Amino acid sequence: MQRIGVFVCHCGSNIAATVDVKKVAEAAMMEPGVVHSDDYQYMCSEAGQARIIAAIQEKGLTGIVVCACSPRMHETTFRKAAERAGLNPYMVEIANIREHCSWIHKDLEEGTKKAVILTRAAIAKVNLNTPLKSGESRVTKRALVIGGGIAGIQTALDIADAGYEVDIVEKTPSIGGRMSQVDKTFPTLDCSACILTPKMVEAAAHDKITIYTYSEVEKVGGFVGDFTVDIRKKARSIDMDKCTGCGVCQEKCPYKKTPSEFNRGLNNRSAVYTPFAQAIPNVPVIDREHCIKFKTGKCGVCAKVCQAGAVDYEQQDEIVTEKYGAVVVATGFDTIKLDDFDEYAYSQSPDVITSLELERIMNAAGPTKGHLERISDGKAPKNMVFIQCVGSRDITCRGKSYCSKICCMYTAKHAMLIRDKYPGVNVTVFYIDVRTPGKNFDEFYRRAVEEYGVNYIKGQVGKVAPQPDGQLLVQGVDLLDNKQILVEADMVVLATAIEPDSSVRSIATMLTASIDTNNFLTEAHPKLRPVESPTAGVFLSGVCQGPKDIPETVAQAGAAAIKAVGLLAKDKLLTNPCTAKADELLCNGCSNCADVCPYGAITYEEKEVNDHGIREMRRVASVNNALCQGCGACTVTCPCGAMDLQGFSNRQLIAEVDAICR
Amino acid sequence: MKYSYYPGCTLKTKAKDLDAYARSSAKALGFELEEIENWQCCGGVYPLGTDEIASKLSSVRALNEAKEKGQDMVTLCSACHHVMKRVNDDMQHVEDIRNRANNYMKLNEPYTGETTVLHFLEVLKSRIGFDKLKEKVVNPLKGRKIGAYYGCLLLRPGNLLQFDNAENPSVIEDFIRAIGAEPVIYPYRNECCGGYISLKEEKMAESMVNTIMTSASGFGAEMLITACPLCLYNLNKSDVATHLPVLYFTELLAEALGVKEEVQHAE
Amino acid sequence: MSIEAKEEFRPNIVAFCCNWCSYAGADLAGSSRLAYPADVKIIRVPCSCRVNPMFILRAFEKGADGVIMCGCHPGDCHYSTGNYYARRRMTLLFSMLDYIGVEQGRTRVEWVSAAEGVKFSATMNEFVRKVRSLGKNVRLEDLRCRN
Amino acid sequence: MLNNAADQAKRIKEISGVDPLKCMKCGKCSASCPSFNEMDIKPHQFVSYILNEETEALVNSESLWKCLSCFACVERCPRDVKPGKLIDGARQYVVRQRGQDYLKADEIPALLDPELPQQLLVSAFRRYRR
């Protein structure tokens, strides 16, 4: 018979306001096995834990129930307290009477009634708990960073500087990411490439960092401390060791009609290409989809002109398998497709562009060599209209419900830069709200208005109508003047909503990291664990977790790195002891459990069993505790009830059901 | 292939052409429009009020008739298309409207939006196919520069009607290409013509129509085509209409298919 | 006869929530103060695939009026494939229950992610409303359990 | 007619099925509206009139009769508020009262012209009259 203690937390007034904690404690005393109950202001405090420890020792408790907040918050706290009192930590159960009770119910009587039921269920469960012991697993001292933008580069540098090996996997031919496409950065107007390139070079030169460009993560196995990852190195068709990066192949390539991804399709590139001048590695890639040699078999110009003999049309994709202790996701973002927003005429006029396209136009290495000109006819614009919140803060199926966060600032930046370099250009910005929380951000925006005379209009645009002469007629509203207005523009720039890169979904699935409805990766806790995924060993860096600007991304990248380093620094990890366990006497050797196990943790062995005095050899299931993650799929699949999950056993869960339905 | 056909009030009176050209073209393309018996007017505008039931019943009756025949329903008039699709959507998704309409109708089997509603243009696009249509054209309208006028009811609300991209439609342009002519794209092709407002606010409708016509003409259109009798009426009242005629798309279809003459003789 | 005078039926509802998504979603509903009726009581399981159909039958036997199971969205399972197994098992179980007279409205599977507090609350409100409209479940109830 | 402005506002919300609290005042509706210049109360203001229960002004507004139901605002509203539905709710509310028809039977003959399509009359009747 268990001797159970029940501890009811007030959580200040968080619980006590809608749950009569004294009554819960009283009701608990009526339950079988309960020999002690107590309530206290803050159970998680030192004093609260001391009460629990004292009660365990004085009353000789064999199991405890803490009625408090979610086990996701303080289960570990109370398990550790129990351990200090000499009780097995897995003899602790939590009744969640805060998140699942007091915070959602307003009526004291109703809240109390439900809290009593939840407590009853936890008591019923702990009555059947058995002491469990964690195993140990090893930690591979190497980290994987998925994505080679500023987030991934910074994370890799920080982990490598702490002394651990890091691999960066980047799907495009070069590291650098979105930041390499940006011309200037707000609010200081630094040249983006000038501050990014040194970091790229540093990462490439670091002896602890290995960079896989033009590569993708293909398969992930294992778990925290011991991930096994397959990386597909796509065939570059250029020998990385031989290539000198002279660029002759790109010059001579006869096919130059592929829209440049780096310049957002504003101009074309050759079929063999490096995305931009400062690319790392400075080794081109042959785009087999567009290369004449690969399409028709005839050509081969690049191989002929290559002095180093680096061109290799026979090169095949290569799979590299590597072990990692920690994985950092830094997959970044893209702008949304604008097909559904064609009231802005994006697909109807080349002079309606996204802000990222404007970055390329403003950049000296861009399609217009940095001259502000219209894509349609190369003329210098006189009037420019910027439209904010294109697809952001839109709860319909067209857009994204969230604020993209960076648009207000980069629009102010663009407006300011244009007015500075081309004072004759009139700049009008249509906005819903100007959001500038950040150091020196609002001052920056006000400078655009006060010093540079950018015309900010509160209101949205309903339609952009291209005129026969190529002008754009912008029909918008000035809400402060309560007038519908028509503005003639030569160029319209759309502050397009950002969304997580499309690759994130498959990567999250491979890592079993959770993802929200907008495809942003979810944090383990929105406030207290913002750079960790709920999946142990997976960390989040940059926009894959939520919209953010460059300084925030760099800060988060560092935070993700230190979390990864914290993991890599450990020699051993304690494993979850809530693993499956087979009853050899009941097992019929059918293999159903092994078939559903996602971890290959179940094997079969011939074993001598003693079935009520009869000794015989049988084929029975055996669970590898180091591999089992405790999902329980096998327990339900087993036709004879031989498989059970420790910590969540059939009897325990049925006891909970019974207690709730009583 | 037989379709249940819902012509609507205007196609029986002022817009007989729209109807007659469509029927003969359908025949030439190998499908038949079987007019729904005893159809009643759809009301011209979709009743937006959440508690409007009676005004939706005539549509439900027609939709149910098509369902009983096991046919898809085809409409030609933009307004009918709009009303039918939206009422059908209500019958599929809005429990309250579905229950009350069915209680009132007392059908043997309740109607729950089973019928597929198609605009004639959708039949051409997805059932016949514009490539196939192109093959059937005997009299391609070479060299003609034609602007599509969609108006509002054919397209909006886009996610519900599922007709085309509401902000950048392409069905009529594809149709124009299929009959051998050259489409002219202009920005106001999905802006409202003024609709019924022209009855009491003539000036207002006039300025809206002029914007559309001037823009189309400026982009080089020599002719506009539409699916809606009301749009046609409003657009034709514009001064620009003297050099930019507005026609029903079915008239050009019949011409391209070589059946225009026979329709005119029959009249 | 007055309908208002009759006391509202309060069903007993068991919700199985997986630890990684739905349980966290329920926590978020709580910390966001998104109310739903106290009739719902949550049992934490590591994964939706841990829910044995037996548990659900047991709940109805012991007098539950509705049972809902929540897991991670398809493709997002913490254990890769657990929710697919759960979905198949529940589809089968629910159609069997329907066959023996436990209405479809009393059972439900819903995918709720850790970020979907709003969805969790809305789902529970809707489910409770549905079960309330169906009234007390008597079909599988073990009469010996009645007080 | 309901006397109380609060009840009127509630009724209009019910008929239209619109939740005015979803509005973030972006002005997309007013930017899109082809009748904007003819309206005394502008599309983006409809929600405020309902929220502030200034229904007297709303039901007497010219805007009720200038809206074309072209659904431009419905299509483009980023918050699913759909001001077009709201103004139609107000219009419905008015025409459902006896004697509140915007189009009187005796003024019709003067408005007719021989080319007028039936569709126009049918639509106008449904919009303007009970």
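Per-chain numbering from 1; labels A, B, C and D assigned in written order.
By definition in this document, a contact is a pair of C-beta atoms (placed from the backbone, for glycine too) under 8 Å apart; a residue touches a chain by one contact, two chains touch by 3 or more.
The shown structure was predicted, so the numbers you read here are calculated from the model rather than taken from an experiment.
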The pair out of A-C and A-D sharing more C-beta contacts is A-C
Can you compute the centre-to-centre distance for chain A and chain C, using the mean CA position of each chain? Integer Å is fine. 29
Rounded to the nearest whole Å, what is the centre-to-centre distance of chain A and chain D, using the mean of the C-alpha atoms as each centre? 45
Can you compute the centre-to-centre distance for chain B and chain C, using the mean CA position of each chain? Integer Å is fine. 47
Listing for chain A: what residues touch at least two other chains? 343, 396, 463
Junction residues of chain B - those touching two or more other chains: 158, 167, 191
Okay, what are all the chain pairs that touch? A-B, A-C, A-D, B-D
So in the complex, which bits of chain D are touching chain B? 14-17, 34-35, 38, 65-66, 68-72, 74-75, 84-85, 88-89, 92, 103, 111, 115-124, 126-128
Residue positions on chain A within touch of chain D in the complex are 343, 389, 393-396, 398-399, 432, 458-463, 475-477, 479, 482, 484
Residue ranges of chain C touching chain A (in the complex, touch as defined): 12, 14, 20-21, 23-24, 26-27, 29-31, 33-36, 38, 41-47, 49-55, 58-59, 62-64, 72, 75-82, 85, 89, 113-116, 121
Taking the complex as given, what residues does chain B use to touch chain A? 158-159, 165, 167-168, 185, 187-188, 191, 215, 218-220
Of chain A, residues touching chain C in the complex: 70-72, 96, 98-101, 103-107, 110-111, 113-114, 117-118, 121, 505, 508-509, 512, 514-517, 522, 534-535, 578, 596, 598, 629-633, 635-637, 645, 648, 650, 653-654, 656-658, 660-662
